[in-house]
């Protein structure tokens, strides 16, 4: 029987993999995708908890998270594009004009 | 009207004089000198009034009070005070008068007379003081005025050095004096002299010796005598007043005032310090060329006599001549004060005489460049000779003979070894003084300056004459008015003890030997020192003053200053460089380290986040 | 009695208000600035003298001219509680005297932007008046800082050689000291449970329920080292000579003369009465470090070539006496320290003032390059000799200093008799460096450097404008010396009512 | 669930209580409208209208909170909780946004960039922050936080012609999104723990702060709850700039346009502490873990901020790192607040003092007239006091207050934190705070030194140097008023704290 | 039956996630991400959150990922061969991942996850009506804020990308 813990395992693994991607990859776009993955992992967790523990709260929260994430993506991509226009790169290693 | 008003007046005249001069007459020397001499005259008059018209009295008014520490400003007038007061006022006045002539052409005369007034103020305060603290205050002030007057010739580096030396050496003495005061307060709970003398509490040898430290400094006792000869850098009247007659005697006066705080052990130390001083200074004087230096060493030597007298005598209590009973006048006190008084006369005379010579010889001070002055300056010559005779203790007719005999008599009774030493001192005195006399006055002039010397005016000669009278007659009790007589009489009485004749014979023999040896040895108006050619090594040691000054100079220049610089340097290195800069550098290094963490790459920053999560986790489960 | 409490407030507020007024009148020309600012310095003196006259010495231990005002920190028991007692009154008056002297001198200085300089100085003056009038220990600290901050600015902007480094070092040192003492004060507040920073309330509260020994230890340690830094306790002193060497004269006068006394005053009025058992653990520390002040710094002062630095070191050295007097914990010792604080404040201010005047004439502070000034400027040399003699405790000009030192010696002898040799040695040491300075600066022949500098700046004697501030200080010094009872009467009463000090009295 | 139930909930929607937020929203919208309506020449008036509008709201907010008739308690179905602290934060955020609007006016004027959008976003962000401070529910908290954060992403990279601004935006974006994700996952875990019906005191709505606190109190050993708390605190630590989530600060501060830097330094930090203050309350049952954690954070934050700032020469980086150390001090206050009730007041006082001081400092930076504002360094301050005394004075007082120098407000704030810390017996933190304060003197002093002390230059070096900018040339009326208000406030609060303190402690 | 679906979709989601992390080509990565999102939507269905599953597909797999792909195409970014991930990055990332896995284990070993109510509660995500009611009553304020959030996101994007003013 599949229980709550299974879903939570998947959810937390997704979160971890997303974080792993942020740690590993140097392409800004991929990093950004990994961040979306992390947000989604949270969604899965919320829905699973909501399903197994009862209550609407989790489901509603997911609704907000999806909305927020969409807005964030829009803004983030706009910034990446603007930066690409200036620097012709999306590699984080090369984006280090600000440093000591 | 209270008697204390006169005492206040005594302090007020010189103080007002000094204030007026300082504020209004700095540039008008004539007025300044007038004011100052006028003040001195008023002082003399007031002092005489106190001495003759007023009973002994004590007056105190509370000055400062913190917890149980209570100092009173006040006057303690007893026989001792009166005698000292007389000496100070009388000699002071004469020196003032003499200075009128001596300083006539000096452009900074006002400063000189202002300084003299301050000195008179301080010295009178010292004499009148009723408590140890007040005494100490004026004691320091006396030192200060002496400092100012020694350094009177501002642009002479030697004068600056001498004044500095005088002050600092005195402070070394005061170091002990002050600790002594502190201990006295701790032991007795009061610092008032008459209360102290009635106190039941026991004194200690340490207290006595610490108080004596003050005397060692001020009265030029071994090993702190080095400042006194140097102090001759000041104008000669100053030397006469301060460094011969009054201030340097203040140390002896202090001993006499606080005699009741001494113990037998302390007295023994005091005695031998005095004796040693008398001998060392006497020897040193033999090889000096500067007329004032010779007189200065002579002063040191005579002060040694007085101190030795005090050390000897207080073992013998000789009744209680004091109506207030607040100071136990002992034989030593009497002998010391007797000699102090006569010494004041003849030493002031000698200094003023030398001043007269120096003035006439256009500031020539080397005796080997004088010669033949007897004919050029007869009054000076005769008065100087009178003083000289008194100093060497010419039998029967001079004051010095009687007062010195009192000391010798005391020594004969108390301590044979000290007695012989003091006799040797007497021989030396006669020897070096006759040397001076013969070389400077007899023969023919050895220099341009001596050639053109001529007798000075009345303002300078009259004081000489008056002092000469004192020098001759001061040894006789009848010379003194009733009010001054008690202590002098006690001192003179010593001469009539059982061993009277023996002592007198020793004394006369010493005189004859000293005088004769010098007379034979030195030629009249010699141009150079015969001792130098006869006994070179001896002369070298003596001329170098037993290397005291060398040692002190070496200490100051090589030890003290180097230690100071070394400490300063070490401190700078340790504190400012190592610790402060070190800490700043350390912080800076941390700063640079932290700064380098900001590498600018998002990627590396992300690791901070995972690190942070790990850190949080570790903190939460208590790994740290 | 409390009718005149407002005068205390005015003497703090007047300089502060006038400080801003000075900025306001800057366009009206120099005389306007001078008149306005000098008024700001004169008013506190007038008020302080008036209060001094009105003060009733028999005010039983408590404070006179008390006023209390809430400024908005009542949640932590802070209120602006002002008043004066026998200990604070002399210092209050002294602060106003030194303030006027410094102000008079500053008003005629040729500093750039003199109105800002005077602004800083007036703010400082206000803080100084506040320090000694505060009963609330928070405001006591606060006013100290109010006075301290302008010092840094003045050193940094109008200072002499090395001003930047000196200002920085001074700031960091003194901030550390201030922080430590602040923590100490807060610790007392927190642990006392009195819910108040009010000294009187704290005292009453702690008398009934004293703090635990360990807390007293910590708090006293914090205060000791905090105050120690501010008072330049050895070896935490290195900021002082450097800072004073670089500071403009009026700032140095006020800081060395008055502000530095804050730490000692704090120990006397706050630390020891509130933490009577705390000092026990630290006694040896105080004694040894204070000996360091007297002996080590004494020698260091001898090695100085720079006149102002030497005065700075001498001031550090004298703090050693003060610490020892405090450690003696008796009415006599503490009373001596208060007198010495007053006297030393006047003296050191005078010395800094005169050394600046010397600098104007010689264009240098290097003593080796001076010499023979006495001939050119006899009045100046007389003043300086007088001041230096006062500083080394010579009775006469330094009678007040002498009273302080003597009382301290007496108290220290009762406290630890062996110490007496070491500290009295200080009077010899101070004489050595003091006279060395006089001889080098004024006596002897003119050095080549001095002759050289005279070609550019002809040497004149002190002008009247220079004499007035110096005279103010000297007169005050003489007054305290000759009439010490004006101070000691009230001092005795105040200190006797302090159980910590009174109990050790026999 | 019946419609009646929802009806009841709907009745808790007290729109009047969030009037300032609503007004800000409306103002933001009307700005966009004005840009369309007004002719192009009049567009310059829009920022002024924004400022005036905000001032009006500010006055309203102050008047409303001072009257004492504040609405208290939960509202909007438990989404918000009105209390005095929330009112204060409202004023805090409004104050900072008014000021940032002015800075925006100064900075944007010379750029060929869309202008009105800046104010629009700023106003919405401010409103979001105000709601954030009053949030009583994790959903509200998350949404408000994201609204603000997304706004910040835009504001940081607003100078899209400048590479550094965009780069700073990107850095902030990735760091911010990462921290949001972490925070979010923490909320998920808390939700999972709190909603479990098998556990005692569980609730159907565990994201409500009150419910969660009750749950945690009953299950303080729960692993999910603990992990959730850690992740949430991590997310908040990013906002306040606490170690080790402070690493982005210097870069982003340096790259962002000055108005945004000011907003980040003031409002964003304030928002972090607003969250932290309410979350500390929520997590109080877990304080065995939370207090050591926050204490350690405070220590590391103070040390890192101060020491890292020592060797910086870029002004914005210095201020950023000094802000880190201020966060450390505030954290001490927050820790103390777990034990001492009035410590919250101390934190608020500190924040307001920080606000006033920062206004003064940033106003000066904005008027240094440097072409590229990411490169203003200590050298650009040279002779400031001489060239423009007014700005020099403002800088001195602002920096002084930041350094905690008496008699300025910053000192009182620091002192209050110290008192609170000692009352809470946080001796170790206290020691670190003292070290930090002393170290901080060094670099603050460095700033003042370059502005005031180094007034002499070698003349011969200046031959080829370009014409030096005249600082303060663009100083406008609003700016003068803002600076004067900030300076006067800083000074007055140093001497006389009554106005603020009685208000803070709920007078 | 549902168990099998769970395993299929979970593994698909995780595999897709790894695909995003490891794919060298960004477009491939985006494709993997779409797969993950779709798998997750399926999991949502398994959890009876139908409405959210639909939104997930529409918003994420649809709008967001299309935007991503669009941008990837627009920028035409190629991961240059020279830019190999360094050993340090690998090591650090793997360590980081290890830490995260410890966290995952910790989460899943939490007792409270295993403690269950006696019976599975009724699924609440089913009713769109109650969803709506909640959204416009209890969650009305967050809803409004979200609206503003979208607004500023839109305006922000415009401000960041619109052509510079003529003047």
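Just a few scattered comments:
The first chain written gets the first letter, and so on, giving A, B, C, D and E; residue counts start at 1 in each chain.
Criterion: a residue touches a chain if its C-beta (ideal position, glycine included) is under 8 Å from a C-beta of that chain, and two chains touch if they have at least 3 such contacts.
Treat the numbers as computed from the prediction; the structure is a model and nothing was measured.
Common neighbours of chain A and chain E, listed by label, are B, D. Ranked by C-beta contact pairs, the top interface belongs to chains A-E. When each chain is reduced to the average of its Cα atoms, E sits farthest from chain B. The distance from the centre of chain A to the centre of chain B, with each centre set as the mean of the Cα atoms, comes to 97 Å. Centre-to-centre spacing of chain B and chain E amounts to 102 Å, using the average Cα coordinate of each chain. Rounded to whole angstrom units, the spacing between the C-alpha centres of chain A and chain C is 65. With each centre defined as the average position of its C-alpha atoms, the distance from chain C to chain E rounds to 70 Å. Contacts with at least two other chains are made by residues 89, 92, 96, 100, 103, 107, 113, 116-117, 121, 130, 134, 139, 142, 146, 149, 153, 156-157, 160-161 of chain E.
Touching of two or more other chains is recorded for residues 595, 598, 600, 602-603, 606-607, 610, 613, 617 of chain B.
Touching of two or more other chains is recorded for residues 8, 12, 15, 18-19, 22-23, 26, 28, 31-32, 50, 53-56, 60, 64, 68, 71-72, 75, 79-80, 82, 93, 95-100 of chain A. Pairwise, the chains that touch each other are A-B, A-D, A-E, B-C, B-D, B-E, C-D, D-E.
Interface residues of chain E, counted against chain D in their complex, comprise 103, 106-107, 109-113, 115-117, 121, 130, 133-134, 137-142, 145-146, 148-149, 151-153, 155-162, 164-165, 167. Contact residues on chain A toward chain E in their complex (touch as defined above): 1-10, 12-21, 23-27, 29-30, 32-34, 36-37, 40, 43-44, 47-48, 50-56, 59-60, 62-64, 66-75, 77-82, 84, 90-91, 93. Touching chain B in their complex are the following residues of chain C: 169, 235, 238, 296, 299-300, 302-304, 330-332, 335-336, 339, 372, 374-375, 378-379, 382, 385, 389, 394-396, 399, 402-403, 406-407, 409-410, 413-414, 417, 420-421, 424-425, 427-428, 431-432, 435-436, 438-439, 442-445, 484-485, 488-489, 491-492, 495-496, 505-506.
On the chain D side of its complex with chain E, the touching residues are 1, 3, 6-7, 9-10, 13, 18, 25, 28, 32, 76-80, 112-114, 117-118, 120-121, 124-125, 127-128, 131, 139-140, 143-144, 146-147, 150-151, 153-154, 157-158, 160-161, 189, 192-193, 196-199, 219, 222-225, 227. Chain D makes touch with chain A in their complex at residues 138-139, 142-143, 146, 150, 153-154, 157, 160, 163-164, 166-171, 173-174, 177-178, 180-181, 184-185, 187-189, 191-192, 195-197, 202, 204-207, 250-252, 254-255, 312, 317, 374.
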